[in-house]
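Got a structure for you, questions after.
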């Protein structure tokens, strides 16, 4: 059940049996030579849609822009200041909480969002904890960080899965948008690895934007596998979260 | 050309022949008994997609959340604080400007965004005007405010077009998402009109969320007409804007 | 009744029969070759004084500085950051609301204030709507935007009225401050028109600061006419506003 | 020379021989049973006008609202949040600095402004010190804190001068606005003294708003004396400041 | 070499051979029935002192307050808003960077600081990356998260090490402050575990403040072992960091 | 009784007989050729420790960083933005107030903190005054500003006490940290005096960082005297403050 495609009266009825909601959050940033700039928003959007197909779970519109400061040396990347992203998350949760929602499950597609979104949760708990009639719970679920996904990626690609513009996320984005598959040679086969500091430094270390990955291995078929695994894992985790 | 479906190298090439970009911006708010909560994001997203089909124009991901404070008495509405929305717009423009973009054309779906987005433009001009190598131009194009749209709405619905949850926007959202059409009786035939103050007051004055409209008249066919008109009008306006 | 010239006990008595207040808001910015930098504050201050002469209406001190970013390429212009102005408006309304005021009628002299002040109203409604004992209503009345003023300006000056440093506002400021009338030749007779972007761009397009106007036509006598019309129109509008 | 009554070209000429400016800053707050709510803005405005009569010194429009948190338990008081006032001062100075002004002399009427305005100066120095072409100097001159004023107040009223709603400031405001003189018995003859904490506490300690003063002793004639002394003292101090 | 005990000329000389600095950061929050409220500041302060004994490394004063929102239901806990902590970290780094420091190594004592401090690093990189003359590198070293510490804790306490008010941190704080050792029975032997949401919820789940630990096992002797291990591990890590 | 060395249950018991707390606040900034960068934090920390020895008074951890913008032209100085310091003070007081503390006595070591900390108190009063169950009182006690200290400094050093890097504060810091005493010739014998504007200007006027002082006269013995006097004076003042 998509919030964007519902009426307010449908939401009113939904709240009678559940006060949980799933909020996809991504980013708009370079994903290497063949990865889509929207990868990190596309993946959680697709996974959340998969969850919604299974059962009556409300999915909020995707937060398409995230904290991508370190990718800013590549054209097309957009970054929110961390403090802006913190405020966006606070406002979205606070608004929905006013209607009676209590469990906010963010399906996240981007590592750079983890620190600011986690920070936002603390601000939210500080602001809303006085409201004992419907206490608030927030969870950030990074779709790629669970055993099922990690195991499959390891099995399929070994170390070539990488850390940014990973084979799994490029595959999943291709599965979601087959019309956007890019076919091109990529060198070197595996991208370098290292630590992340400033944007200029990132580009110097990782000239084509990848970190440790071989996204030329990406395929729609693998994307479907990753998507199905993520849908199952996150649906189970969300169900458990509702009981907390 | 969708930014989300492009690579950073494709954006690099795009910038060689154009430094303009279109950014759809909407909201997530009640739209009356049969209107979709996502209406104001769906319409500019659909129109921008139409523009992109016509020619090589880059479309950024949609800003799905807007300033909807006055709709907060209806479940499902999400509002950014005005100052949050201002910061989001600043960050998106500032990021893209760093890559060389100069002309930012926001296709807007929501009246409540006008004041904060216009405010953001002033902050942006203050911040970025020192950069004389690529001066910045921003424009907010409210899709429903042009002669072609106004004329058709008047012709089809007269006063029943209304001011919120209008027949034209509900039609356009149905055209974009036929799977979400809602069929229901609505009373009274035409909703009341009045001024907007607090959210509680809004609900008192406009109990089902509509302002002055008869959205039961909405249809997919009319939505297609509105969409085509808007695509043509905004494409022309965007082309002119690039010359400023 | 001027708030600045009252005691707190007089305000206490005023609140027994009215909870409305008028707040003039202007700016400090260039107004072309013969217009006063204080024009936009002087006009609403003078109009508000006229309203106060008619009847027992409380007038707050004028907010003398506004959002004038686009005039910053002309010496003497002062601009508040939009977010500063938003905060000023919030603080003024919130303070007075704490004493029991409920209806805040801003008489505005400057187009650039419209977006940030409107934005501030949304923040105010969000912050104060929980206080149901005395709900808040805000209105921004742009003195030059009403039928009576528009009609007289059209009749007297036709298109030469213009958009910035208009003949009507220069006249009204001369009527309020006859000691500051400037007499000088101005070329060209009618200033150019165009869109507003950055400050540097503004000065390039409008070299002497005027937009579309012939302020050399300004006169004290016309200023008196405009003032009287504005006083009558806004008094009536304010009375109506109190009933909302 | 009033900035509000000048044109931008007059300011341009003024800058050729001086880069100093005087900015009156006050507050809008209770001043006891017979003191005007505008006292703290009226006094610096009147003194600055006196300075401007003497010689060619530019006077900016008055900042009418200040930090009056501790007076908020009395109707009619308006307070800016300290951080708002800080931002207003930053914006005014930064704007004028961009035009080439370097010496900013604030004539202050209100003790509560001292901490936030001094704080703002530090922020300004941090922001603008990189601009070595025209370094910035700010000074806060509290009109009532100089030997001449203190001596006369002591001589005329002894301890009855007090700390808030002082006889000298009420006198000066009456001299500036004789139409607003209030004549009334006041008990007790001298108001209590004490420390300032919250607004509620202030009202408990100082029930009619005065601190330690006997403002029933105020007179227009004394106000003229205080005004003349302040004009002379501050003119001399301003001249010296320009040489720093 | 302690910054607090140096003169500015000694710092000037230090900068000739190193541009790195170590900044201890902690918190002021409950640490269970026998743990010190200052534990998280005491541990990194003590470890940093140990590092400084080994060689010429500059140690900044400790940031004693951190983000401890979730402990606020226990008396004595102090929390900075996450956004305040972010700003503190930005200001400290930015100040030192202006003097020529380039490598900022935070020795952290508190898990709750990780998200906001990491967030601050992104803001810092955004702000300072334009300064190519001395690019900035920040690292957050959580003293308890390294193999040596983890291994010893596992060996000594197994699962009773826990997650908050751990045996290792209580031991280290006792070693640093033997005068403050608390001797008391604690029940149950091992504290419960669970997820962290609001402060009220934290207290409900973890009534005496511990998470999963048996801090009654803490000892000065073990504290000395943990301290020495941490000093060695972090000194090596810091040396490596300087080469990045 | 040090908060950092207490458990939360000890604080709970403390609150049964007192709701007052002492918070040392300093800065990290140059203090001339032989003064310690930590002087302003070291002095209040040492004095507070002395107070705590006398009786059961709770001492919070020291705020080690303050507002030192004007010292930023000397290596090693760290400054918080004034608005950051304001927020830190607000957060510390607000946190402790939530546990039932009502009287917050800041022992301050640095003149530059006075404006922002005083500003913070106003924000705190605004935020917390609604909580009538335990009203809040804040006081900033500048340790060097009391008759006993002033008299001794005058007697020992006359004018050579100075205004920054004073003999008394350098002495007190040496008493607290005898291991850090610096012995060196200083010229000229007495440093120049003047007003404070930007950091660059400060260094130009006061090349070695001192203002008007002869800190080569500093001694551990005098530091002990100053410390004892300050402990007595502030203990008495704190006791009185608790009765307000």
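By letter and in written order, the chains are A, B, C, D, E and F; residue numbering begins at 1 in each of them.
Just so we're on the same page, a contact is a pair of C-beta atoms (placed from the backbone, for glycine too) under 8 Å apart; a residue touches a chain by one contact, two chains touch by 3 or more.
In UniProt terms the chains read A, B, C, D, E, F = Creatininase.
Nothing here was measured: the structure is a model prediction, and the numbers come from that model.
Listed by label, the chains that touch chain C (Creatininase) and also chain F (Creatininase) are D. Repeated interface, listed pairs C-D, B-C or D-F, reference A-B: C-D, with more than half of the contact pairs matching by residue number.
Chain D (Creatininase) is reached from chain B (Creatininase) by a rotation of 120°, derived from superposing Cα atoms (nearest 5). Inter-chain spacing, taken between the CA centroids of chain B (Creatininase) and chain E (Creatininase), is 47 Å. For this pair, chain E (Creatininase) with chain F (Creatininase), the centres built from the Cα atoms lie 24 Å apart. Contact with two or more other chains is made by residues 72, 79, 81, 83 of chain B (Creatininase). Read round the ring from chain A (Creatininase), going to chain E (Creatininase) first, the chain order is A, E, F, D, C, B. Within the complex, the chain D (Creatininase) residues that touch chain C (Creatininase) are 2-12, 15, 28, 30-38, 41-42, 60-65, 72, 74-81, 83-84, 87-88, 91-92, 95-96, 98-100, 177, 179-180, 182, 209. Chain D (Creatininase) contributes residues 67, 69-70, 72, 79, 81-83, 86, 112, 114-116, 118-120, 122-123, 125-126, 128-129, 132, 135-138, 195, 197-201, 244 to its touches with chain F (Creatininase) in the complex.
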